[in-house]
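Here chain A shows up in two complexes: once beside chain B, once beside chain C.
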Partner chain A sequence: MATDRLGDRHQAAGPILEVTDLRVTYDAGATPVQALRGVTLCVGTGDAVGVVGESGSGKTTLALSTLRLLPGEAAISGSVRLGGQELVGAPAEVVRRHRGRTAAYVLQAPGRGFNPVRTIGSQIAEPMRLHLDVSKPDARDRTARLARLVELDPDLLESYAHELSGGERQRAMLAMALACDPPLLILDEPTSGLDSTTKAAIAETLGRLRQEQGLALLVISHDFSLMADLTDDLAVLYGGVVVEQGPTRTVLTDPRHPYSRDLLGAYPSMTTQKDLRGIRGSAPDPADPPTGCPYHPRCTQAIDECATWAPELSPVAGRRIACLRGGVLTRLAAKNLTKSYRTGLRRTVDALRGVSLEVREGEVVGIVGETGSGKSTLVRLLVGVDEADAGTVEWEGRTLATFEKAEWADFRRRVAIVFQDPFEAVSPLLSVAEVVREPLDVQHIGSGSDRAQQVAAALAGVGLPPTDAFRSRRAHDLSGGQLQRVAIARALVLGPRLLLADEPTSMLDASEQAKLLVMLKDEQLARGMAMIVVSHDLALVRKVADRLVVLHAGEVVETGPGAEVIAAPSHPVTRALVKAAATLGTR
Partner chain B sequence: MAGRRRRRRLRRFAVRVPQYVLIVLVAATANFALPRLMPGNPVELLLGEDANRLPAETIEKELADVGLDQPLLTQYGRYMSGLAQGDLGYSFRHRRAVSTLLRERLPWTILLVGTALVVSTILGVALAAFAVWRRGRRRDVASIAVFTFLESTPPFWIGLLLLIWFGANLKWFPLFGSVSVDRTTGLARAGDIGVHLLLPAATLVLASVGATFLLARASLLGVVSEDYVLVARAKGLRERTIAIRHALPAASLPIATSVLLRVGSLAGGAVIVERVFSYRGVGTLMLEASFGRDYPLLQGGLFVLTLIVVGVNLLGDLLYPRLDPRVRR
Partner chain C sequence: MSRPRRLRRATRTLTILGGVTLAVFGVLALFGSALAPFDAGERAGRPFLEPSRDHLLGTDDIGHDILSELIGGARVSLLIGLAAAAIAVVGGGLLGAVAGYRRGAVDAVLMRTVDYALVVPTIPLLIVLASYLERGMRSQILVVAVLLWAEPARIVRSQVLSLRERTHVLAARTFGAGAPYLIRRHVVPAVAPLLIAQFVRVVSVAILFEVALSFVGLGDPVRRSWGSMIQFATDRGAFLTGAWKWWIVPPGLCVAAVVCSFAFVGLGLEERFDRRLARGAQG
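Moving on to the complex of A and B:
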């Protein structure tokens, strides 16, 4: 296909945009607001780089800084090199000549980017007349060509902004940005406010323009799917700092910074089927940013050092992240677990045949399999009740087999288990308070009053009345749902980092089951812990699990994100499980 | 598309015409009624203090001469039919046709008010643009204080101060009149008119520039924070270009509205200022007519003023869609 390049461009070798240690502080009110706190970013010629972040992350400040469009009260330091020209500290006239010429800015809300009292066409032509030495008729020709290039009806050039639809305005905005054939486009939320069909069409046009015109793109957005469509590299901005940076696919499919991971978890997409999850706490106040890592107040794996040390970006698994803990922790890892049981004099059963598994902080892993698939054996090995014939189980990088006594105690405190049948797991003779307090007693944690307090908190957490009357009731007086809650309160009272739930709701009716699962998810969000849910019920597990592991005859036959596994099961066993899962009506 | 727009504009205009006709009719009636509501009658004032001593017949004869002996309704009928034929009547006091008098005086007032309007608008808008673009907190506050003060100062007071300083003390400008009698030709006459115009026009400018400045400043402040100004800057436009080609056109609607609305108030101000500077405009004429209960002159003068104000409004109706395409809907 012949490309319709708009003109020759004198391209400088090297990156078109280089931002180094950029800091921007708004000094308007009583307290200065630090919008950017040391951002480094590079866009090579023809590259497409995305910057993703929530509102208040500083992403618009970053976009405006690249053309030094910040308001007067913004103090800027560091370096912004655009087309080889340093803009920080450069005279206004030098900066002005690069605007629209070396990089063009495409505004967030296309409706308000056009002057309402001037025609669209005259505004598109304006930068040409300014930067390129073109005559009026030539500018008009070129404007019409630009309109066709961005798939805008050239008849609309005589119209005013209010006469155009949102999509048309965004196309006109693109045409205006392309007026002087700049090598770089800065797109600030290019598709926000557009409906999804228009959004997709605009993204497609942008992709095509990039191909045909050899454009470099800097895309600023909170929209992950746009990033996936448009960009090659992605930077995740939080509290004015880049927390993760790497190839877009890598970052989106396997985010490693806790913030990226949590943000993706909150993003609705067709590739995750589980419920949306918010991030606990709220975004940092830029007037009073947290010390150390900006995410530590909300991070579920933060340690004391996170509050004092600001981490630098360093390479982890094919991208760079700024996290003292090296990114999202792997809590529990099983490698090549093999286990067989002797069932008779000469007969053995291979319960597990080389099972590997990883559970990361904040993640919910669903282990699905039929009876006899090896689920129970796997659970026993994972919690260290049984030892594997071969293979290892690691807790935060340390092998269970090498644990000393103290390490075991710590492990027991941090990994909690909820069993299928609460009537079996809870002694019917103990009172509710005694059941929940038992782990504290066993681990000798806290004084008597501390324990009573923790018990009350745990009971409240699982939605049980923390009254004396309820606490003194005997376990055998409770309903199945209540008893399972008591069992969960007992599991949570130690503040575990991993909760292993083995068929936690199989004894409950549907409404109790739903309430219990919602409660478990809430507890997980509030406390931040990893979870393993073992079940034969695929319909249930997919609602809570980030990742599914399908077990069959002691082997992992399939693993992956829940939605993918269910939408396109590759193994016959998975297909059978999907087919057998409960459906209402026709499939 | 353009043809459709023009048709739409024509239709808008056609809808307005009966409205304007109605306004003019109502105003003409009010112009007839208002002078007659004032105490006293023209003959008594015309004849001066002797009126009391004159025989009643003389007064009645005088009244009959000017048509005031007729019932009000008949007077009204004559007045309206005269208006329809373009006849504004005959001044009791000047013993001349009202239209001739107005034709003599109106150009002076138009010159005075027009100059003041143009200068105060340009000055006010330019100062506002400057204030908005170079805004520093302290200077902004100071300029607002100065212009608010100016806006709330009565024009006659400003006029008197100017007259005392520049006319009486410094003797830079003539104290009264709109033109000297002796200079009658070409450039000399134009210069003379200019010198006579300067103080009264300056008075009106000072009295009205505050309002324009404050309004233009507010409109421009609303515009400069708009996204399209940021986009214009991102295109690499110079600040001056942004101000002139983007901000001012977008802020022009309220500014134009205020300028047009001010024609009426400036005409009112002109009456006072003309009096202070003994300027030979319609204002002085109307003031005299009102003291002398010169009904036909008052009616005629007010009618012409009404026509001007209505005309200005009509101009606005035609102008707004050109200033802001969003009005065209």
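Moving on to the complex of A and C:
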């Protein structure tokens, strides 16, 4: 195929694009809108850098500022160096000289960039006639070559924009952008509005162009899969600042900023089996951006400082993130847990043999194993009602074994557990209200009427009537499903940051199981808490778990993202579990 | 269905009967001095009088009115029984709770002691203790309590042992409940009905033991219980004269009535508690 370069382009030493502490404020309405609040970004020769964010994050402003295409009312400060030339404060004709030649901008919404009454071909040729001073036949020749380069049928060059499909128009746009052979393409949502096959084809073309032409790309999009296909480096933009920046793979497979994690979670992907989840709260208002960390009103792990201190990007696990707490917290970590029980005078049984696992904020980890795999022992160790023979359990980095009294009380408030059999887990002597109120009583939280209110709220939260009549019923007079909900309300009443559910649905019938699981998942999402679901039933766990840990004979035999583990189980035990789950069919 | 129901109805009747009887004796014990025709310590007439209008149950060897003594004895007997049972049940219960809660060596030691306490023959032990201790109410209470603590201890221990493994107690621990809360909220309410039933049972046995104790000479020489009445009467040869009919039989009957009544009430309580347990278990 056409591997010909379009000619020797003028190469500047150093990065093509260097954005430093860029701030852009639109001063149009009554209140100035701060679209960018200090963004630093660098694109070197041949690099492909992505900027991902939701609408309102400032990503389009960023794209436009790189060529100073911003409307007049935008006040810009900081520095944008394109091909070594500072654009901020530069005279208009200097800026114009770089447009199309050092960097070309590929507009969002293909089609809008074309004049409907001129042929595509003449429009592609226009920039080179403007900038490069080439003759008409040369230009026609070059246009044909460009068309081939972007895989656009050269016959279409004689057509008008409305005669082209969306994909073809986008290719024509690309050809036009490439007309003056710029070393950098700025692509703003290059595939939005295209169907997925066209999208993939365009992405492929772009990838090829980058390879063959040594093109650098700055891709602005909200589309993670495009980023994965096209870019090597990724910056996540939120509220006008970069919150996470690093190698695309690293960021996408293991996002560490709470926002990136939540945004990825909200993104529909072929590799997740879970439902789409939105991020609680709403995007910040650029006219009145939050103080401190821009994400703090929506962040589930925010602390008081987050509202006052603006975090700076700093390196964490192979990328840089801006978070005062060092990114997504590891709530609970178990390291090398070993535990054996005496069964006779001399005999002992190894319940756990060196089990390690981690649960991060907002994450759902499924622990799957058959009876006797050590699940129950592990649960007891994780919630700190039993001690390991060796190994440690850490809560937010502090070892349980070294806890002081106050730390224990705090831990007890933050980690809750739902047991398998609600009739066992709830005292037969108590009423519904007494059961749900118990944690508040134990922790001495609130006055009597506060507690009554919280109980009512907790009951309503799990879909039970918060009426007086219901609350005064004896807990054991309820049905299994209802009582399990009561037990869940009790577990949630203290607002835990980690919920451990030990076979939470195994005593219920199939329809109740599904309902209860959906409810648990909803609660988990709404509260952004971490959750561990322990079960023998892989079919059930995979519905809710982000990550799976397969336990067998007291050891972790497999662990990984839920979908991967199920799609390609590597250990025989996992394979057996997957098979067993599959044959259950209906669930 | 009908057999258990008939049984239950019989138990109910017995329980009510026992309750009424106990109420009567309770009134006698509380207000005896006002109800009795004479002061129990006063020489009301000539010694060894047979029953008459003035002395419905005659007089004893000193001339005390036997009916008045009988009424006064209610207070002493009941007091000894209740006090001894309270000590046995509370003390035994605490020991059982500790054994069940601490487990391990503490449990082993305490429970071996319980085993011995349960198998040591009572009467010889009574006699041995009697020869070492001073006569009087305090000794009696102490001895009876020592004889009866083991059973409550055993019951409470097994309850606590099973409770501490129950998931709802584990659940309470996971949201931060410590031992005081667990005992107050989960152990005591679960064990209390059992202990109350135990208490009632132990009272009846304690009253019986009191008689035995008095008989072997540990009775209080001043404040006469029914047991010491019988002992005195026997000493003064009541069986040789016809006097046993009014001197020994009435206190004997009183003891029997009170012991049976306590047993009946205990039975009723246990039955009720069992029903509650069964309901709890089936959910």
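Keep in mind that, in the parts below, the second predicted complex is superposed on the first by the 579 of 587 C-alpha atoms of A that agree within 3 Å, B and C clash if a C-alpha of one lies under 4 Å from a C-alpha of the other, contacts with A are read in each partner's own complex, and residues count from 1 in each chain.
The rule we apply is simple: a residue touches a chain if its C-beta (ideal position, glycine included) is under 8 Å from a C-beta of that chain, and two chains touch if they have at least 3 such contacts.
Please read all numbers here as calculations on a predicted model, not as lab measurements.
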{"item": "Clash-or-fit label for the pair chain B, chain C on chain A", "value": "fit"}
{"item": "Which of chain B and chain C A:467 touches, first, second, both or neither", "value": "neither"}
{"item": "First (chain B), second (chain C), both or neither touched by A:438", "value": "second"}
{"item": "Partner chain in contact with A:425 - chain B first, chain C second, else both or neither", "value": "second"}
{"item": "Partner chain in contact with A:336 - chain B first, chain C second, else both or neither", "value": "neither"}
{"item": "Apex chain A: angle to the C-alpha centres of chain B and chain C, given in degrees as a multiple of 10", "value": "140"}
{"item": "Which of chain B and chain C A:96 touches, first, second, both or neither", "value": "first"}
{"item": "Touching partner for A:135 - first (chain B), second (chain C), both, neither", "value": "neither"}
{"item": "Smallest separation of CA atoms, chain C relative to chain B, angstrom", "value": "60"}
{"item": "Set intersection of chain A contacts, chain C complex versus chain B complex", "value": "none"}
{"item": "Sites on chain C touched by chain A in the complex", "value": "166-168, 170-177, 181, 185-186, 189-190, 279-281, 283"}
{"item": "Of all residues in chain A, those that touch chain C in their complex", "value": "383, 385, 408-409, 412-413, 415-417, 419, 421, 423-429, 438-439, 441-443, 476-477, 487, 490, 494"}
{"item": "Touching residues (chain side chain B, partner chain A) in the complex", "value": "1-2, 226-228, 230-238, 245-246, 249-250, 252, 323-326"}
{"item": "Sites on chain A touched by chain B in the complex", "value": "67, 69, 96-101, 104-105, 107-109, 112-118, 126-127, 130-131, 155, 158, 160, 162-163, 173, 176, 179"}
